[in-house]
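Heads up, the next two complexes both have chain A, just with different partners, chain B and then chain C.
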Partner chain A sequence: MSASSPAVPDPADAALRGPSARERRARVWQMVQLAPIMAVLVLLFGGALVLAVLQSLGFAPWFGVNTFPDFGYFGALWGSSTFWVSLGLTLYYATVSTAIALVFGVLLALALVKIFPGKTFYKYLYKLPLMIPYTVGIALAVLMLSNGGMLSRLAAFAGLIDDPAQFPQILKTHYGWGIIAVYVWKQTPFITLAVYAVLLGIGRETEEAAAILGANRRTIFFRVTLPQILPGVVSSTLICFAFNVGAFEAPFILGGGFPDTLPVVAWRYFNDADYTLQLQGMATVVSIGLVAGVILFGYLAAYRRFERRMGRN
Partner chain B sequence: MTQVQLKAVRKQFGNFVAIENIDLEIASGELVALLGPSGCGKTTTLRMIAGLEQPSSGAILFDGRDVSEQPVQDRNVGMVFQRYALFPHMTVEKNVAFGPSVRGVPRAELAARLDEILDVVQLSDFRHRFPAQLSGGQMQRVAIARTLITKPSVLMMDEPLANLDTKLRGEMRRFIRDLQQRFGITTIFVTHDQVEAMELADRVAVIFNGHLAQYDTPDRLYRQPASLDVADFMGASNIVPGLLTSDDLAKTGVGEIRVAPRRTFSAGDKVQVMLRSEAIDLMTEQPATGGVPGKIVARDFFGASVSYSVDCGEHRINVSEQARRLVDVGAPVWLDIAPERVWLLRN
Partner chain C sequence: MATKSDTSLSSRLSPFQRFYLIVIAGFILGPFIPLLIQSFAFRWAWPDLLPGTWWLEQRGKSMMPLAWDYVLSPYSRVWEATVNTVAIGLIVTVICLAICLPAARVLAREKFRGKSAFEFFLSLPLIVPEAAIGIALLMMFIRLGLAGSYVGIIVAHLIPTIPYMVRMLTAVYQGLGRDFEEQAMILGASRWQVLRLVTLPMLLPGVVAGALFTFLVSTNIFLLTFFLGQGQIVTLPTLLFSKIAGGTLDASAAGITLIVTLPGIILLIISERFIKEEAFGKGFGN
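Showing the complex of A and B:
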């Protein structure tokens, strides 16, 4: 650049020169700051993922198997009709329990922003399931809901049925009421927590403005509140759904048996005496990952489109 | 148009009394300001009129009809919130159309009303923007348009000008007054700025600590405040203690001041004498009668006006006048004030 160049830098000039030394340094510093989390992600998560995919494609020399690349495991899996039933059950439990937990969670969060006597107590109480492990929840479900459990005994005691054994089967059916109950019990507080935080952030003024403009409670919820709490709804249901698709204990203990949900199917393969079935198990795991990934990606993409429409970037 | 009346309205939050027995009558089509320091209960009063808050006791009447039990949706009031409370997920157009659309106004009529009101608030070019993409003044106009389109019978505005810069504030002030006159809506607005209240309102209700201190026209509020607190809040600068030696003469630290006789005061009363700085005549020659001597100790020049600090007996008196002449600091002067411009207050 000549000495007589104008004092005001030309933006086109800057673009030609590329990033300045300072910008480059800032970028490197950003990378350095990100390095620890990236290392954890790549090593733990990425590494395991690559290994799982490789195994499911027939690469397992440590079992004396190496037919890479071999799509036979996926072929066998996807070719059997029970896989699709299992997939359907998995998605059914995950979707229904997430949906129910969402409705409960939002209702609870809406109630919590109101003022009522004993609110402080309720605010502690509803979080209780968050701190109790799933296995305890499952044990509770068995205690409460099974034939011979608390509910059936109470029903018999009250004379609704003659014998606890006559109590309708809740657990161990393919309707999965037990599984759904445990998920809902555990995840409602989580969704409540997320939505309540967002509700506190948006405040009550827009709802009040809507009421003054003549909207009834239903309209206010669907047209004013819901669109504003959507970030909380989407992130919390995303997490719950992803967990529910991959969860193992609840369907294993409370489910209806064969055909099992996909995580249970995978577990059975892994636990088989014939360790070459591990590869079949890996194909199952990768399938779960694929399905969950596609669904979650679609969900997020739909939400992004909505956000764009609202003018957020 | 609607006449609004508050009858012995009281509001309590737990043990805290926010509003203490307020009586207020707002005539149909009147523009009234609620004026008071922060936390005195202005917003609470508005919210009770709107129906967002229930009075603990007392009644609120629209055209003589008790609306205390009527839900917000049915009161047909409009409220512009202090922070606008626009719907962040809707465009300007959708925000403004919200009221009529939930009230089931037919599409064609809605479109016509929308165009008209966006024109009034000069936001037609911004109709597809989201609130986050607007300036403070534009957001406020959206909030006003969103309220006006529902044709409220009572319009309420909570500190409508608080978040605006000086220039925009002046513009919006004019805009609000024009609108109010054009539609003739009974309007109640909240402010803690006494200049704004006096400039805009037909009548001003001054509230201190949940009590209605005075409800009057701006000029009476300014010239004849009901109490020391009100005088202070209205920016009175020269208030000196004194003693009424006769019905029309007060002895003060400044000197003897002639006052207009008042029914509520009599000779021997201890009083506070209020001298509005612009009502005082400043003379450089001793007048034939009256006139208290003093000396100018400071001068503040504001261009169009000038303000002098005058040491006068035991007190320092503030005098302001139009800047047609400038009197030098240190000059001896005589102050005079017409007896009817002197206002007496009790301690």
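Showing the complex of A and C:
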């Protein structure tokens, strides 16, 4: 996308408006206003993406490497079985935690629209994890879930175990329950916020109508409420999933070690003493972007198709 | 059937919901209790539910709780990290506002070809994995000499903050309408006067909300700061990361965790007044 294309006015629009000199000035003014945001995003974001793709294809003259276009780095990466294990782990953590956070978040949003004592308190409470960094969540996971942690102590208190080693290992395994717990803890509020906002917007009239027509609670949720909150659900889960795929700190600290998730793999390549491995790291980075892109576009396309079937556009 | 639909419509909580709210409160707040205890513990061996030795019993050895003595001393770099976090957050917020205000105005009011594609492009940073952007940016910044500098980090923080800011400001402009500005123009106000006396005062609540949210996002960023700071610039999230990277949490790490939580609590109390849930009704992504 170039900087000039969005500023071209609609011909029909232009015909409606006044003389062409004024029109041209307005168009320039419009471009001037859009220029800073375009500059930042195109240069930084677009530049970074283009550079990453170029490098992963063997373009790194500053290392004395320039074999562009060279698909060998992708070949080497995709040819190794550990890459696919890493990819599987990355997607597994991202999907499971997004799904759990979605269920928790929707349930919480549905409860929050009700009237109950302490509602103000809850409206503060549920946003707390949203306000603090992931690293805090990781610290809490270490404190609660490690073998010497609080849950292990509670289990000992209840007489279930008498040695820390007997506590089931939650952190640093490839099941990733520690990672998932942190993501869920941090993202349930995000999804709740998105869904709650939509619920406030739509009001309760449609649900009341359905109830009067004799629908039960289940039917009301799946046939009336869910289709209406779907835009909030889709946009918030998109963001959470993309974040989880690219997250580094939780898998780095709480993950099971080799094979790591893809962002950690890329980071290790990048910090390797052998700096030519950085190109391998770039191929990993581009792979993360590709996989996330394909999944998210598929998700969005499925959602759009559903919307069309529902008669919305 | 009739009684069933009555309960489904009730504006009160069902028993399950009441139970669920308690569980969620425990899930969110529960872990902070042992965290607070840990920061005041002197010795806390497994399987004790409370520390075997509290700091209070050992205060002959140290006037301050040991962990807090360290946390509040310059050796922990907590103060440095706090100043960095707040300063970077403020500068990012100001720059982000300056960039997004004009763009939001155009997006809210003008029609142009490729607008929906442009809007999609603006929200792309939210759905491209951060690790991909972070490592690619690091490569770029090393070439430009920006790696490990404040400028590099501030510029990088713009990427994840712009999508939220431009979205919130566009919504504000859409609510504002252009009638008031046009009336001021008709009455002879200059462009600058319109901006200063009409547009800005009416935009203010939305601008405050957007600024708070941007500041919040910036202060929470770990990955971009960690990758691009090259260990030379510590912020609260990266400081805490280095403390817990080994996978254990001692008393001083517990203290630092509490300190890192503090700005979030302050922001939560402030922002609850300015950011209304309804503002998020349109969703973020599509």
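In this text, the second predicted complex is superposed on the first by the 280 of 313 C-alpha atoms of A that agree within 3 Å, B and C clash if a C-alpha of one lies under 4 Å from a C-alpha of the other, contacts with A are read in each partner's own complex, and residues count from 1 in each chain.
Heads up, the rule we're going with is that contacts are C-beta pairs under 8 Å (C-beta built on N, C-alpha and C of every residue); 3 or more make two chains touch, one makes a residue touch a chain.
All values reported here derive from a predicted model rather than from experimental measurement.
Contact with chain B, but none with chain C, is seen for A:227 once the two complexes are overlaid on the shared chain. Judged by the touch definition given at the top, the superposed model places A:74 against neither chain B nor chain C.
Once the two complexes are overlaid on the shared chain, A:59 sits clear of chain B and of chain C alike. Of the two partner chains placed by the overlay, neither chain B nor chain C lies in contact with A:183. Between chain B and chain C, more residues of chain A are touched by C. Applying the stated contact rule after C-alpha superposition, one finds that A:93 touches neither chain B nor chain C.
Legend: residue contacts after superposition of the two complexes on their common chain; A:128 is shown touching chain C, with no touch to chain B. By the document's definition of touching, both partners, chain B and chain C, reach A:214.
Of the residues of chain A, those at positions 208, 211-212, 214-216 touch chain B in one of the two structures and chain C in the other. Those residues of chain C that touch chain A in the complex are listed here as 1-2, 4-13, 17-18, 20-21, 24-25, 27-32, 34-35, 38, 46-49, 98-100, 102-103, 105-106, 110-115, 117-118, 121-122, 124-140, 143, 155-156, 158-159, 162, 166, 216, 219-220, 222-223, 226-227, 236-238, 240-241, 243-245, 247-249, 253-254, 257, 260-261, 264-265, 267-269, 271-272, 277-286. Residues 205-206, 208-216, 219, 223-224, 227-228, 310-312 of chain A are the ones touching chain B in the complex. The touching residues of chain A, when paired with chain C in their complex, are 1, 5-10, 13, 30, 32-34, 36-37, 40-41, 44-45, 47-49, 51-52, 55, 62, 104, 107-108, 110-111, 114-116, 122-129, 131-136, 138-144, 146, 148, 150, 152-154, 156-157, 162, 164, 171-172, 185, 188-189, 193-194, 196-198, 200-201, 204, 207-208, 211-212, 214-217, 220, 231-232, 234-236, 238-239, 242-243, 245-249, 252-254, 262-263, 266-267, 270, 278, 281-282, 285-286, 288-289, 292-293, 296, 300, 303. Partner chain A is touched in their complex by these residues of chain B: 50-52, 72-73, 75, 77-79, 81, 83, 85-91, 98-99, 102-103, 129-130, 132-133, 146-147, 150.
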